[in-house]
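We call the chains A, B, C and D, going by the order they appear; numbering starts again at 1 in every chain.
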Amino acid sequence: MLGIALLGSGRMAHVYGPKINAHPMLDLVTIFNPNLESAQRAASQYGGQASSDLEVVLADPRVDAVVIATPTTTHLEYIQACAKAGKPIYCEKPLDQSLERTQACLTTLEEHPVPFMLGFNRRFDPDVAQLQAAVRNNEIGALTFLMSWSREPAPPPIEYVKRSGGYFVDASIHDIDLICWITGERPVEVFAAGSCLFDPAIGENGDVDATMTTLKMPSGCLAHINNSRSCAYGFDQRLEAFGRDGMLQTSNHRDNNLIRWDATATQAKQPLKHFFLERYDASFYFALDEFYQAVSEGRQPSSTQHDGKLALEVALACERSRREGRAISL
Amino acid sequence: MLGIALLGSGRMAHVYGPKINAHPMLDLVTIFNPNLESAQRAASQYGGQASSDLEVVLADPRVDAVVIATPTTTHLEYIQACAKAGKPIYCEKPLDQSLERTQACLTTLEEHPVPFMLGFNRRFDPDVAQLQAAVRNNEIGALTFLMSWSREPAPPPIEYVKRSGGYFVDASIHDIDLICWITGERPVEVFAAGSCLFDPAIGENGDVDATMTTLKMPSGCLAHINNSRSCAYGFDQRLEAFGRDGMLQTSNHRDNNLIRWDATATQAKQPLKHFFLERYDASFYFALDEFYQAVSEGRQPSSTQHDGKLALEVALACERSRREGRAISL
Amino acid sequence: MLGIALLGSGRMAHVYGPKINAHPMLDLVTIFNPNLESAQRAASQYGGQASSDLEVVLADPRVDAVVIATPTTTHLEYIQACAKAGKPIYCEKPLDQSLERTQACLTTLEEHPVPFMLGFNRRFDPDVAQLQAAVRNNEIGALTFLMSWSREPAPPPIEYVKRSGGYFVDASIHDIDLICWITGERPVEVFAAGSCLFDPAIGENGDVDATMTTLKMPSGCLAHINNSRSCAYGFDQRLEAFGRDGMLQTSNHRDNNLIRWDATATQAKQPLKHFFLERYDASFYFALDEFYQAVSEGRQPSSTQHDGKLALEVALACERSRREGRAISL
Amino acid sequence: MLGIALLGSGRMAHVYGPKINAHPMLDLVTIFNPNLESAQRAASQYGGQASSDLEVVLADPRVDAVVIATPTTTHLEYIQACAKAGKPIYCEKPLDQSLERTQACLTTLEEHPVPFMLGFNRRFDPDVAQLQAAVRNNEIGALTFLMSWSREPAPPPIEYVKRSGGYFVDASIHDIDLICWITGERPVEVFAAGSCLFDPAIGENGDVDATMTTLKMPSGCLAHINNSRSCAYGFDQRLEAFGRDGMLQTSNHRDNNLIRWDATATQAKQPLKHFFLERYDASFYFALDEFYQAVSEGRQPSSTQHDGKLALEVALACERSRREGRAISL
């Protein structure tokens, strides 16, 4: 068993709490929050002790590893503390919105080389994972095109948008990570176009809510990212990998698969899974499992701080491409 | 080129006229109808001469073969005349509604053994033909189950129903023929259940408009026929063949394949093909082509009078099973 | 919270153990097995105490209700003990294979009217539940046809078959229950045909491994059951409800929905969910939840001993129909 | 009836010949080719006279209109001759590969304003036409994204590539036309990326065989074109229109829709329609019908020389964008 300290008791902590409990080899020892009451409320739901003192948590010999699910701006501070304490770290993405602070995380982890996993959970979705494995096993030959759709059901509150770092850094970063991970390549050039078509407040803030991005990979493979802050029919999540010998596609998910035939249509009336917590629910469990396996085997997890830095660099280049209306070389 | 005399200028003649014209090796020489005006109207549309004198038509040396598309009750008379004249015959199904008159057709064709094709056109639909070929090529192993759905968009006029010979003889006969043809077997037992759920006038006439039929084949394969005189979403035509090594299914057809996603559903809004003339349009062409090939090669066509008699015998047994509420052995 | 005693520690107990733990309002107090060691092994996995003394278990004030997951032949005995002790009962299906002993269960529950739920778990599968709700809400109008497919991946060991009560009692009973539940009707006539096409040992035992069954309902609705002990492509589970105004279909489930296009085919290569424990995994949780809700609200659960008796009666009539080759009235 | 002179007797003339014959209101009067023997061979297949003298053809009072299906380099010359003769013209696309000669066509048609239709046949495909109509009828709200896939089964001979004007001018021009036609807008900016991944000879010739193109429309709608000269699974032709209120997708076509389930996969084994002549076969008929309707009604057809010029301008900008690695404003 691996004793876990869960840092944070907000929204993402409520995602990880039940997943830690469901994993047969993880034991939730402590939930930490500087706000003790919040930690106590979470502990009463998921078990474990509550604490507002990180030093005490990290000194607890039952704590074998930490899961950081706190606000993004606190990641650097907690990574530094945990790495110095020698604890293996699972950290919710992103490392940070700024490249400087992201680099500071990497430097810390070079100085204190604990196993570190960045929670790019979509990689651990069964559909996505099998597509990646099939591509890497050369089942469709050399990749020609890779396309990733992420369309959200509705724009977030404008306050969220203002703090988000821009649409590319906030959201496209997932698609960028999947493209780098599936191809096994770093893009050499990006071109991004964007429009504000759904929420004028987003445009007034200098951001966009509908984007198309082209990434050119060293092998010549071309990638496309299709992002929208609004989607009338729900949370649209698809991948299409087109290779020399064939194509692989993932499909959207629904709560049931009932098909209705009537005088006007043949239809699936069940809407798509609501948003990422529902669509990618299982992926958080499989991500924690990868963390457990890596720590148990004394190896680095398959999704690391370097992947986080790469995705951020590409996302920032996309933002620049959109603003300057030109292709950006990397 | 094969010179064709088309007997009849009613609904089915308007199906065969354009198909004869479209076939590069068939030449429409004459259209015959005892009502000369009707024959002339059809000839002005599809070409060829018009005639109301069958003797003259059959004596015409340009007439190499005949296509009989007249009312069912006249089939026996015209088959006798054409067979005696030594002309290869393509006859629209069924031979006749009565077993006695059907047997008279067979006797005539024994005495005058011209190539004879019965127009079981559904066999020549590309989907159906490929399913049959795959089954016969043992692609799914020994057959366990064979299921055939035929649900019509709306009940026919009650006058049609009264003359139809009953729902099994009128409609299930198609499914029965496909089952015998795909399995290559003659059923040994049938059980049919029926209800009148759509048009009370059909029930008052002693007939039914919704049936489920089980056929047991000598190999142990079980077949199911699912027939309805009404179908809210159009003309539902499906086959499912389940064998030891796999399953084959045909799908319904639409005029286009547009998929719509909106807040309430993901749907194909295009209705199904309206009825048999639309759904099986191509099959009439391919059936004529089989007739042409058989005549050219001096062989019997693949769908004969014997198939017509078998299907009628089984349909009559289904009718008896439904009326007597018991399984009937054949 | 509802304290639960789990009776049994075999295969089905291992299904219910984790589901009881996952339910926020159920508390696993005790696991009972006459074989104490087996109970202890299960308790070490799922928590709670282990006991081999049923009297002690039923006298424990923390035990609010029981879940019976023992071998079928023991159901009557445990139902009697638990009902006399006044405990609400959730019992794995079937009540018993014999109609006499099934009736004894009903008599016991009349004398000791505790809330009693029979675990017809397929009703609680989300696809099935939504289909039933849509039919009952009249979304497709009066039902014309209801079809249920259950094809198992491979025949069970012959020893299992010998004790199974015959294919209809062992397996079709699920389809029968769904048909009665969805239509809200009791069949008035059944006709069943069967073949032995997969395992000759099953035939030598007087049983069959492929069946087609027709049920006639009082409303005129016709139902079809399609059962096979073998299925090359996995566990095939489908429903099709055809009504006056439309049709509803459920689809099979896979572990992922990857679509592959290559030079030979467009395909889903992922096999179907392996068997009922995988396909209907979620349904066991929802069935327990219905039990919890019913007990909490002081009402009868939606799936009772009467449903169990009805399904058994119909299954026995199917068996008789198959053996006697005739329709059986109920 | 509209008397037609068909100019050309090569590959595209063999597409139009049967379609002219199939149309009830078109009459094929003459087939013209400077090579009289070629014209005679075609006339023996499709009817009409053969001629190698264009003046005689255009002076024939039975010739009401012309269909130009000659090599692209001859279009300008024949358009000039036919326009001066006052004949309505249907011209196979493109007008010309050069913008100068394309402009010369437009100037000619300004001076001699005969009804002129450019054969952008894909617009007349039933799936495409219904998608466009639905978008224009505002069924999915304001467009956010429009995506067009055209992947060819195999690279053309390198000699063809050399004369093709480049991949964008040769092929993407279809997708560009559909995007302009469906949105009803002219792009304001394009960015194109390309790779040579299939046939190195194409790369040695300075061209590419895999491209991704982004078009920005004045409304803010973003369009994506996905082109490949090779596709392992056949001729991949899809459209996806994503609007504020929903999405519309077209699907690929097969010769049959048989679904196979076996131990390894659930699959459609029938390949996609081979190439554009098969996939878009019906569209040529509907395009000619639009020409007939327009001439009959004395109006301009819905696809004109101006559409041809616009698509060429955009395609040339794409080529420039790819070569210069930057976005091009229009």
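One rule holds for everything that comes next: contacts are C-beta pairs under 8 Å (C-beta built on N, C-alpha and C of every residue); 3 or more make two chains touch, one makes a residue touch a chain.
Predicted model only: the values in this text are computed from it and were never measured.
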| item | value |
| --- | --- |
| Shared chain contacts [chain A and chain B, defined touch] | C, D |
| Farthest-lying chain, centroid of Cα atoms versus that of chain A | B |
| Self-contact between copies chain B and chain C, residue sets same or different by half | same |
| Centre-to-centre distance between chain C and chain B (centres being mean Cα positions), rounded to whole Å | 43 |
| Mean-CA-position distance for chain D and chain B (Å) | 40 |
| For chain B, residues that touch 2 or more chains besides their own | 140, 232-233, 236, 245-247, 260-263 |
| Complex contact set, residues of chain B against chain A | 232-233, 236, 260-269, 271 |
| Footprint of chain A on chain C - complex, ascending | 126-127, 130-131, 134, 139-140, 245-251, 253, 255-263, 270 |
| Residue ranges of chain B touching chain C (in the complex, touch as defined) | 140-142, 144-145, 147, 151, 189, 191, 193-198, 210-212, 214, 216, 220-222, 224, 226, 228, 230-233, 236, 242-247, 325-327 |
